[in-house]
Amino acid sequence: MNIKHSILLILALSFFFPAALAQTKPVERIISLGPVITEDLFLLSSGDKLVGCTTFCQRPEAAKHKEKVGSVQEINLEKVVSLKPDVVLATELTDPRAKEKLRALGIRVVDIPNAKNFNDICSVFLKLGQLVGQEPLARAIIAQTKKKVDELKGKLKNAEKTKVFVQVGSDPLVTVGGDTFANDFIELAGGVNIVTQKGYLQYSREQVLASDPDVMIISSMGFDGQKEVQNWEEFKTLRAITRHRIFIIDQYLLCAPTPVSFAETLKTVIQDLHPEIRP
Amino acid sequence: MLEIRSLTCGYGAKIVISGISFDVKEGELFGVIGPNGSGKTTLLRALSRVIKPMSGEILLDGKNFQDIPIRDFARGTAVVSQLLPLVEMTVEEFVLLGRTPHFENMQFVESKHDLQIAHQCMALTDTLRLRDKPINHLSGGERQLAQIARALAQEPKLLLLDEPTAHLDITHQVVILDLLRKLVRELKLTVVMVLHDLNLASEYGDRLALMSQGSIHQCGIPTEVIDFSIIEEVYKTVVVLKNNPVSHKPYVFIVPQEELLKDKVRK
Amino acid sequence: MKLNGIFWLMILGTALVIVMLFSLSVGAVRISPQRIIALFFQGPGSSEYSIIFDIRLPRIILGFAIGGALSLAGVILQGLFRNPLVEPYTLGISGGAALGVSLNIVLGLAAVSRLSLPLSGFLGAAAVIGFLYLANFRRGMVNLQGLLLNGVMISFIASSLVMLLLSLTSTESLQGIIFWIMGSLGETDGTLIKAMLAVSLAVLALSYMFCLHLNAFALGEEEALHLGIPVERTKQMLFLMTGILVGFCVSVAGVIGFIGLVVPHFMRKVVGHDHRILLMASFLAGAIFLIFCDTIARTIIAPLELPVGVITGIAGGSVFVYAFARERGQTHA
C-alpha cells in the first residue's frame, strides 16, 4: 500500500469511525418503555443499567423497585428527562408524540419492534444484546433456547394434532389467531388452532361450541381467568370440559415472552396438549 | 317627516297590513289606534324596521328606509317596546345603552358627554333617583319611564312607542303621556305611539289613525276619528260619546249589555 | 364601576402570573421560581432547563391559549343566545371533532402523519360548523333557537356514532380514541401550539369589536336592532368566530369540558355583565383555571397523568353546584 492509499484509508476510517464510535458508545443509563424489554434487559445482566421503566413492568421482582416514568402509552416526559438516560427503548405502543419530543430534546430513542413469533423474539433479543454490549450473552441465551425448543419439538414427532382454543379476553370474548405468540406455542407444541384468521379477534361462545376443541387454554387476564374457567365449565357438552383439559396460563407468559420464558411456557403447553408425553 | 306609501307587510306568507298610506308631520304626537288584530303592532314594527315591507315604501325625511344604514337610523329614531327581557343591570347602565348608536368607531367607553345626556334623560323622566337600582326591581311604571329615558338618550328626532301605558295605573299613564306631550312641545320631538286606550289617544294625540283589519279606516284629528258611528263600526260595540268636561276632547263611554236592555225595556 | 372592572382585570392578571410560576415549578422535579429565573438567563444545556422551557412552558402556553379560548367562547355564546347554560360544546362542534378523530384512528390514518389527527379533528368540527351555518343562516336571517336545537341534535348523533365506532374497533384504537376524547394538554408539536396561541389571541382581539354589540344583545335581538346594532351580521360573525375557535381547541387538545360553562357564569357574578370587562376577565380566568387543573392532573398520580378534562369536570362541577346552592339559599332567605 502506498501513501495515497493509506491517506484514503485514514480518510475513510475517520468518516466512519465517529459514527461507529457513536454506535458502540457504552450505554450506562437505560429507560425501558415496555415490560418485555425490561425483562429482557434483566436477562442480559443489564438490570443495574435500568434507571426507569413503566408501571406495567412487573417482572422480574427487581423491576418493581425501579423509577416509574409512566404507562406503556403515556410517558411523563419530565421524568424521563430528569433521569438523564443515554438511551430510551420505545415500543410500538409508545405515543409517537412523546418519542418525537424526546428526540427533539436530544435524547436517543430506539424503537424496539414488537415480536410476533419465536424468531422475532430472538432477533429483538439479539438487537438488545448488541445495544447494551452483551452480544455474546445474548447469543448464548438464544442458542440455549433454540436447543431446548428443538428438543421439545423432537418429542412431538409422533404426537397427534390436538385442536386448541386460546382465550385472551372476556367481555368481549377475544381469541388469537396466526401471527401471535399463543399461536406459535400451539403449533410448536403439536396443536392446531381452531381459529384460522390472523391476530386478535372477537369470538363467540357459539363458535367455540361448534368447533369443540380438545384443549382450551385461558390466559390469566388479570384475575378473571379463574372466573372464565368456571363460566366454561357450565357447558358440559364440550370435550375439553368433560376431559378436564382446560388450563390457565399467565397472560404475560402467553403473550409477551422472553426467549427464556418462551421455552418454559412451550414445555407447559406441550404438557397440557399431550399429557402422555413426558417432556 | 314620515311618509308611508302603500305599505304592505306580513309574516312569512301571511299579509297582516296592506295599502297603508299616511303622513306624520314633524313635531306632532301621532296615535295609532284600533281593535286587537287590526295590525297596529305590525305597523309599528315596520316603522321600527324590525320587519321589512313586502311592498310599498316608508320615507324618513324624504329618504327611503332601505337606504338608511341601521346605525344612522338609530341615531335619529328610538323605539320604546312593550316587553323587556329580564336583564341584570342598573338603571343607569340601561339608560347608557341608549348612547350606543352615538359611539365613534373605536370608542369603547362612555364619554363625559354621554354620561351627561344619560343623566339629563333620567332627570326628565324622574328616574335619576333610581339610577343604581337593578332594573328588574322596578315597578311597571318606573320601568316604562326608564325605557323612555333610554330611548331619549339616543337623542332621537322620532320616537316610536308600542302601548306605553298598557298595564299601568292612571298615575303613571298621565305622567308618561304628559311627558311625551312636553317632549313634543318643548323639544320638537315627533312621536308615533300605538295605544289601545281610545280616550288617552283622544286626549293626547294631535292626530290619530284608526286601523281596522289591516288597513286605515280613518285618519285625522281626534274629533274626526273619534266619532261614534266610526267607533261602533270598527269596534262593533255600542258606545256613547261625550266631551271631556275639562279639555273638551271626545270621550268614549262603553255601554254594558245590562244598561242596553234596561234602556230597551224603558223604551 | 368602570374602575371596579379594571381592578378585577389587574387581579386576574396577577393571578395568572402566579399560577404560571407555580405550574412551572412543580412536576416530576421540584424547581423553585428563583431557580427558574436563573435558568432563564443561563440558557439551554441542563436537563432542568429542558424540563422548564421545553416541556412545562409549552404546556402552560397551551393551557393559557385553550383555557382562555374556551372561556371566551362560552361568554360569547351565552351572550349571543342569552342563555347561561350554553357552552362551547352545546353546538355539537366537539362532537364533530371527536367523530373526525375517531374515524381517523379507526382507519389507521394517524400512521401517515402525526398532524393528521388534529387535522381530522378540525375537519370534523368544520363540517359541523358548515352544516349549522347552511341550515340556519337563510335569507340573511339567523334563527338562533333553530341553531341551538340543531347543535344539540348533532351532539347526540355524533356521540352515538363515536360509540358505535368504539364498539366495533380493536382495543388499541379504543384506548387511543378514549384518551383523545378525555382531553389533554400533552400536544408537543411547536407549530400547533403557536397556531393555537395565535388563533386564541386573534379571536380575543376580534371579539372586542363586538363587546358593545353583546351588551346590547342582552336586551334581546329586537332591542339591539333598535339600538342600531347590525343584528344578523353580528350573529353570523360571532357564530363563525366561536365555531372556529372551539374547532381549533378541540382538535389540539380533545374535549376539555366545563370551562366554557362554569368560568363565564362565575365571572358574570364577579365582574358583572358588561362585556367590555367580561370578555377579557373570562379569558384570563379560563386560562388560570385550566393551567391550575392541568398542573393537578399531571402531578397528582405522577408519573401517570389524569386526563385534564376529569379535573376540570370535578372542580368546575363542584364550584357550580356550590355557587348555585348558595344563590338559591340567598333568594329564599
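The chains carry the letters A, B and C, assigned in the order they are written, with residues numbered from 1 in each.
Basically, a contact is a pair of C-beta atoms (placed from the backbone, for glycine too) under 8 Å apart; a residue touches a chain by one contact, two chains touch by 3 or more.
All of these numbers come straight from a predicted model, not from anything done at the bench.
Student: Central chain, going by Cα centroids?
Tutor: Of all chains shown, the one whose C-alpha centre lies nearest the global C-alpha mean is C.
Student: Which chain has its C-alpha centroid at the greatest distance from the C-alpha centroid of chain A?
Tutor: B
Student: Nearest whole angstrom, what separates the Cα centre of chain B from the Cα centre of chain C?
Tutor: Result: the chain centres lie 45 Å from each other.
Student: Find the geometric centre of each of chain A and chain B from their Cα atoms only, then give the gap between the two centres in Å, rounded to an integer.
Tutor: 85
Student: Report the inter-chain centroid distance for chain A and chain C in whole angstrom, where each centroid is the mean of the CA atoms.
Tutor: Measuring from centre to centre gives 42 Å for this pair.
Student: Going by the contact rule set out above, which residues of chain C touch chain B in the complex?
Tutor: Chain C residues touching chain B: 2, 82, 208, 211-212, 215-216, 218-220, 222-223, 225-230, 273-274, 276.
Student: How about chain A: which of its residues touch chain C in the complex?
Tutor: Touching chain C from chain A are residues 55, 68-71, 73-74, 76-79, 81-82, 84, 93, 95-98, 100-101, 104-105, 200.
Student: So in the complex, which bits of chain C are touching chain A?
Tutor: Spelled out, the residues of chain C in touch with chain A are 27-29, 47, 50-51, 54-56, 114, 170-172, 175, 179, 186-189, 298, 302-305.
Student: With touch defined as at the start, can you tell me which chain B residues reach chain C in the complex?
Tutor: Residues in contact with chain C: 48-50, 70-75, 78-79, 81, 84-85, 87-89, 93, 97-98, 100-101, 103, 108-109, 154.
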